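Look at the two complexes coming up: chain A is in both, with chain B in one and chain C in the other.
After this line comes the complex of A and B, so read on.
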């Protein structure tokens, strides 16, 4: 049978501009290319600036991951200076990271990827009572009532009858790969709407602690700018902390009673999809949620797992771990940059050199990172596997719950190896969210206890010596390990590179022509209808692509199609 | 302290929001944020309104839109007009215009409006003030043509807000207490 080429450009429901090309033969993907269509040049804007300000710029790289680039940047500078930060600062950053991560994972599952699996049009035919029976069998969430589902269904009917599918306009409704029963579709649509309510509680926690959102204002190289005083009106006081606690409680219900049951139910009902989407099984993640000032004891472990084998786990044990520093390289063999090199981020440059899309040569603005000279998959799955390998009790418990719930639907045991898949990435993201919620609780209690002990410090001033310092910071961001690399000379930035999660996953072939994680994960995917490649989106979306920072900054003029109608 | 600094999730009592969108790292792409900063530091609003630097945020804007009844958005708007051209689009026309990709933050704004439709919570009034960009290169500065349009944007904002019963007054430069950093 002949081979067909499909080109999805741009991939929708993601941030940034991603193009995916696939060769299809006998209804399956036989080869794939991932191409970032925007150029990122943040590094060039930072050179010569004050390292203390770098985070203000890096948090502008992307509208989704503002917080994570801010935190990673101050960590990089602190690492270069050998600067410890006060425990309060660590805990406040941890709370922001946990709340942001939960927010991001909920929005990804419901708003950005659920519609790959959930058919909104089919939900209109569901019986609300049957939906309630299904949902109540999965959890005790109070809104899982027939009356609530009927109300949601009416609202969607009215919306669709208005002639505009609006936010649902680009879904593949009625696609033969959509297999959920109408009741499951209605349940998921109802929770899609509720997710909009609950994600904002997570966001509000970030806003209260960070001063503002979407761009937090409380960071500083050396700690945080939050003044802590239990009795003072304008400081981070007990009243504000109590409000954070209320928001946490509300958020917890959704994380435990809606998100986990939904993901596992959808995975169970799509069990035939569990074999698809494996791809690269070398996994990399960062330990995070430091419990001490130095960054040597972490609430969530991370590290490197080659060959999908958790027995070969190599943990990253502290900020500045040289095992990470010496193994990360980036190649530009297949990227639109001047030259052909594979280098440590400290020694990189970023000189654009655009040619056309050439699958044998250069075809992406994304560089190709490698760990120990091989591509690595990053993201919640990598993190969950590392935490299991490290014997993290909470992760093991939530993962066991998730696999048991999936098995209850499929009727047979689901092994851990099923996680090496597109659905596995969704399940792992949900498991990680449960652990993040534990982090929220743990760090909240730790902060209250530390303040109660009389420690109000939140900032250690940095000192920039003459000469050159190098350092890197890592952070386990929602999409996976993020690292910022900095070279400082006489107090100014000499070089700066951000190696971001979507670069790891969306990268093109590397120096040895090995496929990147998106490319590899697509091989073997079924495609029932080349005109409507829903299955390709399922696998790409399962990584939670966020190309805005993988390859900022702007569309090639050739690609930019912006027109205005008369108004 | 400006009204914007007080926003940690609570709406302004007037129900009016002034939102600047854009990427500050991309020259004219960030003009919405540049205009917002100018308004934030140089003007006083009575009754107080919320001034928010939305950057390139998307879904995060949803709550802001739900919390306010009357909203002005300032953003780069590429319609083929000469750089610096200021245009004003209101309410339903914004939705129509977004269908053909309008502001450079099409994705965020269009999605937020679509979600508001779904939730049946569209703001009572929505005004988009767009400025045609000249340069979208990696740069922290606005192009001269677009920088020169800022006074016109401010006049437009004043006109819209006056129509909503807000008095806009200049603030003495020394009272702002704000150094324009990057």
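After this line comes the complex of A and C, so read on.
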């Protein structure tokens, strides 16, 4: 039996530098290795600095998941100090999280992963009228007209005829795994372009509140730096808040009438893909969107689900929940760091030791996290499953809508277990976006009500006592649960570790040599053309990799060609 | 600095077929070449005729190769937020983005092929954009793309570029990962080219335009590209290689809160009365007085009303300025590089006929000079007072 090793390097349409190696036998992946290819040492840089500054550095871990490392960092310091923040600050942070999350999920689906499923060249042959008929059958979006689709098609035709394909060069056009009819392809291409416009609106909300984006600059340990004053021009006043509300209204249409119909249509048309990409089925997510100053009541629940069984759900109930704190560990057995240990993030050190790609030994800059000593999958799927387990009404409603829409295309009921798949991760991300939009509405109303009550406070000053304090913060970021862990000594950072969603998912084998979620999800994945492993991209992209946060398929001989070996 | 039209403007958009003929390649071979390119781009063979037509006329859009090194993709993300022009107008109508790890449809070998084609088709003609720093420690092993370090990639690609743009603080001067102790030895693009001795293939230095900021404002990149595409030369640069249209002034000198600084009205803590009235953030550690950037002028997100960090109430932390952002503490007081006393100067020009007299100009000069001396002294004193108070309290901000 011959096994071929392929190496995709670089994995594109992700954040950062990821290498993925796969062994392929009889057209299926039989083994896989995920390798993060960049290290910057930000955790090392933080040591000795002022804990109030940490969020400015950690936010630069990632410009795609911008905001998340900033918010998680201030939460960690506040947890270490036992510091509550004003309700206004909590709500302003929540609005930023919701708007950024919606932007991020939209960009992930259209710009970063749609081209795994959508054939741009086929869209050139579509009949705009047939495209309009298809799209109007899916939703009432005003731009689903034959005239609009014809205009988009003309733009793309002109672009292709120009002979400079730019980012579309060498795409997987005409690949045997591309199965959408031309009309569906044209619809998706049109929405690829429209998505760019709507993600900008989400970002304007982040800019108004955060001062800029990417990389917001309105946070502070103890709250936010936004000055709230309806009677002042240089503060968060009614004009600014009205602008946020207007942008929210514009964004809602795209989230409800385009994103959800598109994802469910593509999932339905690719129903033969529903069995692929399951992988690790222990799921972990954080509760988020706190409704109170302490962080004990959350708009979106989260917790741990072992063995893909929502009946075994264990919720995380508050900031600082010790169940989370004691169960998270990281291993460096297969990572490029000095030593071989499995430790709590509080006790970790980060000493780089690069040895090149060695699949038996170390092969990644990404560490391998575990929860209750086992790998866990994180991300929107984990979050949606937890919310269903917790009985969250909005989530159940949107999930039901999504599964019903998919079933309408496939012609048979789609069970919840179908979510344990690559397409399931896309569907869950879309469901989560619907819930995020509800969060935007809820937190906006809550902020207005609180300001109307006369409460303008936005900041509680931190006090750093002598001696040592430890704490952690968690946050359900777009790619999954994020936690930052800090040890403070006499007002300075003594140790700092970030355990990041893409670390959970992109991590190499752990202390017991168990595969990480990307690696496990690739097993059994079909590969029709080893030269063009589109299907590997489908599964890896379904996790929304973010390698600055934590990867790329690549070959360890540094050759351009596929290395073929017999096993 | 460099305002002369560059020789390379002629290099963009030659007739490829003419070039091939000059090099002794026949029409028949050109057709074969076009067939090959059509296949390489993954297009059906029926489109060869269109591809040939495209190859046989000046390239409508200049080629851009965008490399990612030690970075967070924040600068690319920043571009997604631009409105004038939008990213879709940029990549569909203005430039040909021939390689970008973030946006490229292709991955792995196909991505490498896209890069290879862009180099083969546009030698000496593409603009290189670099996002992220170059790790100089441990031979660059801290960052690898397709098995290559940033240094390997720069050796292969940079000599072929017409000019380079270092986007963001990382590519300009090292950025966040160059903060002490700079574990990976991160440096900016210009420094890396110098360390590696990389020149253009004709032996001249590769022009590098630095666009610092964390991330860089998308408009500083877009305006640089449009400057070049429209005016056919590179923008005027300062001594640090930054376009003057974007980095010609201190943030402090364009800040809408500057009158509060001059009048001595300072916020002392987030949410205090001064903060809620939009007072100056200098005492909270604002680095506007030592950071050159156009943030207050163009702001962020195209939403108006002072949407930039200082505008919403947070001090500038100097993300664009080498030696300030990620080097000085957030609440550490800035060095004030420009002190411009304002209302103490009498006007030099008079509205009355007859103009200014020599005597009144001299008086104005003397008063102005005195005020400058006074203001400098006041600034020193202010700093000393602050140094004394910040060293004793942790509660500040």
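Please note the rule applied: the second predicted complex is superposed on the first by the 547 of 567 C-alpha atoms of A that agree within 3 Å, B and C clash if a C-alpha of one lies under 4 Å from a C-alpha of the other, contacts with A are read in each partner's own complex, and residues count from 1 in each chain.
The rule is short, and it goes like this: contacts are C-beta pairs under 8 Å (C-beta built on N, C-alpha and C of every residue); 3 or more make two chains touch, one makes a residue touch a chain.
Small disclaimer: the values here were computed from a predicted structure and weren't measured.
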Note to self: With the two structures overlaid on chain A, would chain B and chain C clash, or do they fit side by side?
What the structure shows: clash
Next item on the list: Would you sort A:64 into first (chain B), second (chain C), both or neither based on which partner it touches?
Entry: both
Notebook entry, point to check: Counting only touches as set out at the top, which of chain B and chain C does A:155 meet: first, second, both, neither?
Noted result: both
Next item on the list: Applying the touch criterion given at the start, work out whether A:56 contacts chain B, chain C, both or neither, answering first, second, both or neither.
Entry: both
Margin query: Looking at A:200, would you say it contacts chain B, chain C, both, or neither? Reply first, second, both or neither.
Written below: both
Note to self: Per the contact definition in the header, classify A:491: touching chain B only (first), chain C only (second), both, or neither.
What the structure shows: second
Next item on the list: Scan A:429 for contacts with chain B and chain C and give back first, second, both or neither.
Entry: neither
Notebook entry, point to check: First (chain B), second (chain C), both or neither: which does A:212 touch?
Noted result: both
Notebook entry, point to check: Hey, is it chain B or chain C that touches more of chain A?
Noted result: C
Next item on the list: Examine A:232 and indicate which partner it touches, taking first as chain B and second as chain C; both and neither are also allowed.
Entry: second
Notebook entry, point to check: Do any residues of chain A touch both chain B and chain C, and if so, which are they?
Noted result: 15, 41-42, 44-45, 53, 56-57, 60-64, 66, 107, 111, 155, 159, 164, 166-167, 169, 193, 196, 199-200, 203-204, 207-208, 211-215, 548, 552-554, 561-562
Check: How about chain B: which of its residues touch chain A in the complex?
Finding: 4-5, 7-9, 23-26, 29, 53-60, 62-63, 77-80, 87, 89, 93, 96-97, 99-102, 104, 106-108, 111, 114-115, 117-120, 136-140, 181-182
Check: Which bits of chain C are touching chain A when the two form their complex?
Finding: 40-44, 47, 50-51, 53-55, 59-61, 63, 68, 70-78, 80-81, 83, 86-88, 91-92, 95-98, 100-114, 117, 138, 141-148, 175-177, 179-184, 186, 214-215, 256-257, 269-271, 275-278, 295, 300-303, 305-314, 317, 319, 326, 329-331, 394-395, 397
Item checked: Touching residues on chain A, where the partner in the complex is chain B -> 15, 41-42, 44-45, 53, 56-57, 60-64, 66, 107, 111, 155, 159, 164, 166-167, 169, 193, 196, 199-200, 203-204, 207-208, 211-215, 548, 552-554, 561-565, 567
Checklist line | List of chain A residues in touch with chain C within their complex | finding: 7-17, 19, 37-42, 44-45, 49-50, 52-53, 56-57, 60-64, 66, 107, 111-112, 115, 120-121, 155, 159-174, 193, 196-197, 199-200, 203-204, 206-215, 217-220, 222-229, 232-236, 239-240, 243, 352, 354, 365, 456-459, 461-464, 491, 531-533, 537, 548, 552-555, 558, 560-562
